[in-house]
Amino acid sequence: MRRVMFWVAIVIILLVFLLPIAWVYVTSLKSPADIFRPEKLAFAPTFYNYKYIATVRPSLMEFRNALIVSVVSTALVMAVSLPAAYSFARFNTGGGHLLFITISTRMFPPVVAAVPFFFLFRDLGLLDTHLGLILLYLYFNMSFATFLLYGFFREIPEELEHSAMVDGYGRLSIFRKIIFPLIKPGAAITTVFCLIFAWNEFFFAFLFTRRLARTVAVGLAVFWGSIEIQWGPMAALMALAILPTLAAAWFMQRFIIRGLTFGAVKG
Amino acid sequence: MREAVLGESLETRRTFWQILAADRYIKWFLILPLLVVLLCFMFYPLFYCLYMSFHEYVLRAPPLFIGAENYRVVLHDMVFWQAIGRTFYVLVVCIAVELSLGMGIALLLNREFKGQNTIRGLCLLPLLISPLAMSLMWNYMLHVQFGIVNQVLVWLRLGAVEWISNPKIAIYSIMFISIWQWTPFSIFVLLAGLRGLPKDALEAARVDGASRWFTFRRLTLRMLTPLIIIIILLRTMWLIRIFDPLYGTTRGGVGTESLDWFMYRISFVFFDVGKGSALALFSLYVTIVLCAILYRQLIKALGAAR
Amino acid sequence: MGKRSIKRLEWALVVIALVVLVGGQALGAEKKFSLADVPEIKNKRPIHVTLEAGGSADLIIPYLQKFAEHTGVKVTSESMVFASLYSKVIVELIAKTGAYDIVVTETSWSNEWEDYLYPMQDLAKEYDPEGVEGLERYLAGHDPGLLRMCSTVDGKLMGIPYYTYTLIYIYREDVFNHPAEKANFRKRYGYELAPAQTWAQLRDQGEFFTRKKGEKLKGEVLEKDVYGLSMMAGRYPHVQDEVGARVWSRGGHWASPVRDEAGKLIGFKITEKDKRILQWAFEDYVRDLAFAPPGTLSGYWDFATAQFAAGNAIIIPHIYDSLWNWASSVEDEIPGAKAAAALTPGNRPYTGAFHFSPSRDSQNPEAAYWLLKYIGSYQNQKEMAEGGWVSVRRDVLEDPQYTDPKWHRQFGWARASLDTWDEQFEDVEDYLHFNSAAFGKLYEMMTIICHENAIQQRTPAEGVQEWVKVFTDLQTKHGKLPVL
């Protein structure tokens, strides 16, 4: 009985989470005439929408740009945030104030910050470049990543490190042999989130790019015109745009499972 | 420098306390890149807005000093206060729902079962999709006549609902869109936390005959408190800026205008930099106060967890 | 010697005659300027064009390429989500990035963007061998009203329109012509059922056609609810267009122009008459909403048209003519259905057009000028119209194949648009939309006020008060002319 209940719950959860996304895929296969006929479940699927986004206004560049921007910015974020979060977690650097300041950078309303940044980036020649977006995303995701990693680092008992030190390990080897394996799941999750945020960020990507560095998140909105919304092609591009993030999540999932070992070490 | 410090510590094999002394340097070294990025980005918009908030500036003519007029106008604007009130309402409801759902689902997924990895992965999906495009999609799916949601309700003979267009319901639809997209975030942070919990402590409690509820409340929940507060803090920061779910649905209409939408309107339609800056600083202040309270709780909880 | 010279003279005369003849033909052909008439462009710098999003806007892309092939100037384009197009373009223009050589401009932004755009006349003087007169000859095929909308207060043309959306009244002709419906309507309201000419008639029709499932339409039992009027009350600019159609039809203004003795515009004033009419328009709009389908309060043209196409609504009282294609698809959806169009009640709806405008920071205004001229040319508009485009040129639309209703499934209802343009031509000069340099901002506030009126967050009287307040505020802050 408990098993049945468990599976019923899982099925309900999955339905709620997945049906809307499934509907994106369904819509992407509908012809324009069927878009406004939800009652018609049996429709003739068509690749018209996929053809449209492949030929009329191709989005390949947008995928490439999004990939460059999100991967590089995430790598930078992790390079900056991992050591910083460790420092905050282990040494309480800055007495907590500095960490709070780091977090607070995300509290400034981005819609207002965009105007000064736009003028600054214009003067620096960073508009419509990958570097410009990478820097912005580094700044925006850094505080989040540092904070989340801080939480994961704090979960690692200090005694582990202390005893390792007593055993004569240096800081570096402690980090490599003890901390890193334990932080892997947390780091994996943080990385995935940073990738996703960078991949899907619209507002700055829209404002700070034009033709060359435009990312797919901006491309997704370009089906909404003044007298027409192209639901079909939009759904088709959404269906494709989710795939890279899915691949990233799948890849990181392997590290998340390793979290299992965590409890063992801790004991 | 870092190598030198580490190398030295390895070579001379100092005692624990001596190494800790070296931490004085290492901790700043580790944090240096972060500080550099912060310095590069943080102050410019902050001072820009501070300066502009005392000026009338609509990008046409040069800024004109007008004292605290912008603040006066903003603080007397009912629309602004309504937007703040609405945003906080959304914030509280969303966080409460997301956390309870997230915890429940994380506990469920923390078991060993067939296909566990696949199912966990599938639960992450809503997070992966572009929130902005999804808001347009939701507008379509929740439409009273042409949406699949109402179609299902009609099939179930429950009748259609005006999800987006009824001023009493629309705000909850916005919440739903946000919750649907962000619950997986809570699930995953909590799941990672759960998987990191010391199994033997929980085991021991069970052997001692503690009830499930007791174990959960006294051990699991307690140990997860830091992560929970982190989720609350992060979601607070994001929800105060709730924007995407409105973009494709109500565009601030039908009684759903959020604080960020209001600011967007002032800054990006009216291009009223002065007023926008005053708004930004005021809302920054509110957010900081709110988050500082949460942050203090976090530090306390972390202290207690030790 | 004498003979020879006479022969020479003869030849010279023949040559002159030939030149005159050929030249004359060239002049005649010039009336229909085409791609072949674009001269050699010296400046070969690539140009970048903004486009709005959507399938119809995508239709223009191949023509940009045609231009590029002909002139050797590379043309790139960038489509933008319409909801944020204004914000993005104006930031780039204000920041003088020069990234866009040609920007999409809505007619009502012409005055606001004046400082950032090149007047067409200046460009013609500079780059067109035929000068300003040549440009004027070329523009003869365009509607003078639309051209006024694309111009500033002092007559500088800020671009060339390429696309229109005029509000027209689309209805189900089969229902209107059904004998039982006609008889019932006459019995109930005391006059003949025909496309509404007044707002009172429109409400009668809304009431008359709003029917529950199980009642009869055209003598047949309905399987679903049917509504009289399909409207767009969501917080999108369109709700403003709908209310505006009411305001203008009664001779009211969002803000009346104030002119000096010479007729020069010196400012704006919301008169008592304007306030009265605005309040009536707000009230009238809310009353009509009673006959609109559920979902209207967050709806815009997309769902409004879908309601009509699915047979859920009998009339779309004010909808953009560019949606003819979709609206008339009701004939496929509902057996026996027939769509037709007329002018909106009161004949003063919002008429807009997108025009392409050359940016002042363009590095290649020469190519920008010729591209504009090409896209707005008869030849090009005609070609695009055959592909489903809603042409903006009168000389294209006046072709019987567009005006004859029997072709409406292929080409829409151009007659209704043309008549609307004619009807309102003399009033265009006075509309706030085309006179205020703050209009991009005012538009947003009008939208909000009209929407909040529709959801009854404010009473009509409060709506008028709010409008007076925000108009004064925004016009003073962003506009060039004072509020008097």
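Observations on the model:
In order of appearance the chains are A, B and C, and numbering begins at 1 in each one.
Please note the rule applied: a residue touches a chain if its C-beta (ideal position, glycine included) is under 8 Å from a C-beta of that chain, and two chains touch if they have at least 3 such contacts.
Everything quoted here is computed from the prediction, not taken from an experiment.
Shown here, the protein chains touch in all possible pairs. In terms of C-beta pairs in contact, A-B outnumbers the other of B-C and A-B. In this assembly, the C-alpha centroid of subunit A lies 41 Å from the C-alpha centroid of subunit C. Computed from the mean C-alpha positions, the centre of subunit B lies at a distance of 42 Å from the centre of subunit C. Centre-to-centre spacing of subunit A and subunit B amounts to 14 Å, using the average Cα coordinate of each chain. Each of residues 83-84, 87, 91, 306, 310 in subunit C touches at least two other chains. Looking at subunit A, residues 36-37, 115, 221, 224, 229 sit in touch with two or more other chains.
Residue positions 146, 247, 268, 271 of subunit B each touch two or more of the other chains.
Those residues of subunit B lying in contact with subunit C across their complex are 56, 58-60, 139, 143-146, 160, 162, 164-167, 170, 247, 249-255, 265, 268-272. Considering their complex, residues 33, 36-37, 56-57, 115, 118-119, 122, 127-128, 206-207, 210-211, 214, 221-230, 233 of subunit A touch subunit C. Residues 5-6, 9-10, 13, 16, 19, 22-23, 26-28, 30-31, 33-34, 37-38, 40-42, 44-46, 48-49, 105, 108, 111, 113, 117, 119-134, 136-138, 140-141, 146-148, 150-151, 180, 184-185, 188-189, 191-193, 195-200, 226-227, 230, 233-234, 237, 240-241, 243-244, 247-248, 260, 263-264, 267-268, 271, 273, 276-277, 279-280, 283-284, 287-288, 291-292, 295, 299, 302, 305 of subunit B are the ones touching subunit A in the complex. The part of subunit C that touches subunit B in the complex is made up of residues 83-84, 86-87, 90-91, 94, 115, 234-236, 293-299, 303, 306-307, 310, 312, 440-441, 444, 448, 451-452, 455, 457, 474, 477-478. On the side of subunit C, the complex with subunit A involves touching residues 48, 52-58, 61, 76, 78-84, 87-88, 91, 95, 97, 99-100, 165, 301-302, 306, 309-310, 320, 322-323, 329, 332, 354.
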